[in-house]
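In the part that follows, the structures are each spelled out as structure tokens.
Each of the two complexes below includes chain A, the first together with chain B, the second together with chain C.
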Partner chain A sequence: MSTAAERERWLARPSFIELCARERARAILDPGSFRELAGPFDRLKSPWLPLQGVVAQADDGVVIARGSIDGQPAVVGSIEGVYQGGSIGEVSGAKLAGALELALRDCERGRPVRPVLLLETGGVRLQEANLGLAAIAEVHAAIVALRRHVPVVAVVAGLVGCFGGMSLAAALCSRVIVTRQARLGMNGPEVIEQEAGLAELDASDRALIWSLMGGEQRYATGFADVIVEDDAEAIAGEVRRAFAAAATTPRSEQVEALIARLAAIDAAHPPDPGALRALWARRRGQ
Partner chain B sequence: MECLSFTYPAREPVARRVHVGVVGSGDLEVLLEPSADADAHVAVTTSVDGFGTVWKHVLDRFFTRFAGAAAIEINDFGATPGVVLLRLEQAVEALRA
Partner chain C sequence: MTVSGDVPAAGLRWLETLTGSSGLSDSAPRSVRVADAPLGAEVARFIAVVPDPDNRFPRARAGEVGLDEALGVARQVRRTIAEDAQRRPRALIALVDVTSQAYGRREELLGIHLAGAAAVDAYASARLAGHPLIALLVGKAISGGFLTHGYQANRILALDAPEVLVHAMSKQAAARVTRRTVEELEQLGERIAPMAYDIRSYAKLGLLHRLIGGVSAASPGPADLERVRAELIAAVADARAGARDLSVRLTSAAALAGRAASVAVRRRLAEQWDAP
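Showing the complex of A and B:
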């Protein structure tokens, strides 16, 4: 049971999940340092959505902001999950990839830039198909190139979560920060239910969904590095700690360990979420 | 999807630009900036067809209280008239902040 004081503190906290993409970017950067690039008044809209009868948002659902983190130059790419499920189209994907590629160029010239991705996305925007996928591939390549110079930090806060090709982007990041409300996975529950049937997964069973791909499970099984409360100040603090932390081998380069994990699974008798935590438990110090 | 445009007479210039809202279910975004002429212009793109008269009523009411020569772009994803008015007033509040 929580005490009255704990409840008061919880209610008084500045929620991160409730913030829109622009406010989230502002909350991560040092106070007063937020400066938006390619913002809504530049009207870099999706040219494809109106052709399909869908209203386009003026910034295509991605906020790119420069500023500082602990006084060091930083760039934040923040996805608006409320607009088209945070889906990545040609323009929004190009904004993310371009921001990371410019950060890479600065790093290569000896001017490190701290990159942060606030991922709230169902993955590729189906209406833009291959153009979105190509942009996501560019994001992947940029993360891999960039993480050799500087940690690339991802935050998955919820409530959309992070799926599809963008879940691979999260997996490529140096450090992944999640909340309990976050979900992280390749296929979203609705997609699994639609493709494999209700017997495989009931997408309306929230407890089941979060036990499989929720933030706590992803942290417990080592797919996320930090779990934090839905508190904008706490999340901004964890982002700062991620840049201060010693460099580790990126998760996606730990190939032997990942193969060993898969070998521990009997595909004929897949483990339930609890058993998976035991099989794939975080090692001490991880 | 439908595009609508409206013009209203204005009495005062608009000093800067503001952006509020999001093109999410039942919501809309408003981009408000100085108009190129002395009038106020509103360009609405809405996901719901056939509500031109309702949009005119909502904007008529808004412009009884707002006299800025603004170019306003609205990208709407099925917001109710009440939400539209709230977002417009939020934009004016941000303009004056």
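Showing the complex of A and C:
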């Protein structure tokens, strides 16, 4: 049982999940250092949504912010999960890819920039299909190139989670920070149910969904590096720690280890999520 | 290997046509084919993901990129990088006919997002290491299938054929998700280029290096083969002479029109990057 003081502190902590994308970026950066690029007043809207009767938001659902983290130059790309499900269209995708490309340019010139991605996204925005997919490929390319110079840190806090091609972006990052409320997976539960049927997956079974792809399970099976409470200060602290940590081999480079552990799985009788935790108890590096 | 009847899938057909080999390897699942073959004055490595009706993962039997496929591709690409560490990096040719990523409960449990990332990482790393990476679209290039097998290429080529399709989601699935009929989706695609599936609409976006017309994707003859080979040789030379990033996708005349917002966003970010 927790003490009254502990309960009090728990209730008083600033939720990260409840923050909008802009406030999330502000919470990650050093106090007073937040400066938004290509913001709402630049009116870089989706050219494609109005053609389909959808109102385009002035920031296309992505906030790019410069600032500092522990006094070092930083850039945060923060996706607004409330707008169009955090989906990646041409403009929102170009903001993320373009910011990472500029961070890469600075790194190559010997001016390291700390990149952080706050990922709340269902993946490609279907109304901008091929341009969203193309932008995600460019986000992937930028992460792989940038990661050679500086850690690229991903936070999946919830409640949207991180899906589609952007789940690959998370998996390419040097460090992945999740909360218990997070979900991280390539295919959203609704899409799996629709494509493979109810017998494959019941998307309305929340306990089942979180047991498969929830933050706790992803942390326990080595798909995330850090699990943290929904506390803005704690999450910002974990981001700072990620940049201070010693470099490890990114998980997406550990191909032979991934093949070996997958080869040991019986595809006809796969383990349940609990058994998988025992098999794939988390370990980092080699 | 056949999907149905005795017509081989396009990826395998083109692998056999271009290399004379079925590409089976002890180091890859049957769904991942790899073969080396002469391409002009050099030897290139060709990689295809093909349907395997006996795939141990049932959701990856129809040409989807599943767990074993993504990691299998990653292994082959990483081996190529390692083998060429002390010599001129070979060209890598991704022959693309992938229906999508595999959708399934097992896939999510076992982390298909990381397997997919491993393939992306390997291809991007090969490109950064100086391997000319060419994607040749000979069939479907859909969603996570394309992201993991082909979309990291520094030059994307496509056959101008009705069976060559690019999209973020299969037509039927996109119709269900967006609550439209397939016909409505097709009409939208005629009006809104990024929504279209056909390769000519895709070409308008500026992401393609070359659209190769007049070639039969389904039953290539000797002239088709020579034509495609010549295009690949030219693309490899172009890639070797160019940057190792994907910037070519933003600088073509087609991209300046088809991806105007992508260019404008980057310009604005660059203007505002450093504090005034």
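Heads up, the rule we're going with is that the second predicted complex is superposed on the first by the 279 of 286 C-alpha atoms of A that agree within 3 Å, B and C clash if a C-alpha of one lies under 4 Å from a C-alpha of the other, contacts with A are read in each partner's own complex, and residues count from 1 in each chain.
Going forward, a residue touches a chain if its C-beta (ideal position, glycine included) is under 8 Å from a C-beta of that chain, and two chains touch if they have at least 3 such contacts.
Bear in mind the structure is a predicted one, so any value in this text is a computation, not a measurement.
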Superpose on chain A as described above, then tell me if chain B and chain C fit or clash.
fit
Taking the superposition as given, does A:186 touch the first partner, chain B, the second, chain C, both, or neither?
second
Thinking of the overlay built on chain A, is A:255 touched by chain B (first), by chain C (second), by both, or by neither?
second
For A:58, is the partner it touches chain B (first), chain C (second), both, or none of the two (neither)?
first
If you count the residues of chain A that each partner touches, which comes out higher, chain B or chain C?
C
Touch check for A:32: first (chain B), second (chain C), both, or neither?
neither
Once the structures are superposed on A, label A:71 by its partner contacts, choosing first (chain B), second (chain C), both or neither.
neither
For the overlaid structures, how many degrees, to the nearest 10, lie between chain B and chain C at the C-alpha centre of chain A?
110
When the two structures are overlaid on chain A, which partner does A:138 contact: first (chain B), second (chain C), both, or neither?
second
Of the two partner chains, chain B (first) and chain C (second), which one does A:110 touch, if any: first, second, both, or neither?
neither
Between chain B and chain C, what minimal C-alpha to C-alpha distance in angstrom results from the superposition?
16
Contact residues common to both interfaces of chain A (with chain B and with chain C)
none
Quick check on the complex: what are the chain C residues that touch chain A?
56-57, 59, 67-68, 71-72, 74-75, 78, 101, 103-118, 120-122, 124-125, 127-128, 143-144, 146-148, 151-152, 166-169, 173-174, 176-178, 188, 191-196, 202, 205, 207, 245-246, 249, 259-262, 264-266, 268-270, 272-273, 275
Of chain B, residues touching chain A in the complex
1, 17, 19, 22-25, 27, 29, 31, 33, 45-47, 73, 75-77
Taking the touch rule as given, give the residues of chain A at its contact with chain B in the complex, in rising order.
20, 39-41, 50, 53-58, 61, 80, 82-84
Residue set of chain A touching chain C in the complex reads 35, 37-38, 42, 44, 46-48, 51-52, 64, 66, 90-91, 93-95, 98-99, 101-102, 123-124, 126-138, 140-141, 144-145, 148, 164-165, 167-172, 184-187, 190-192, 194-196, 200-201, 212-213, 221, 223, 250-256, 258-259, 262, 265, 267-268, 270, 273, 276
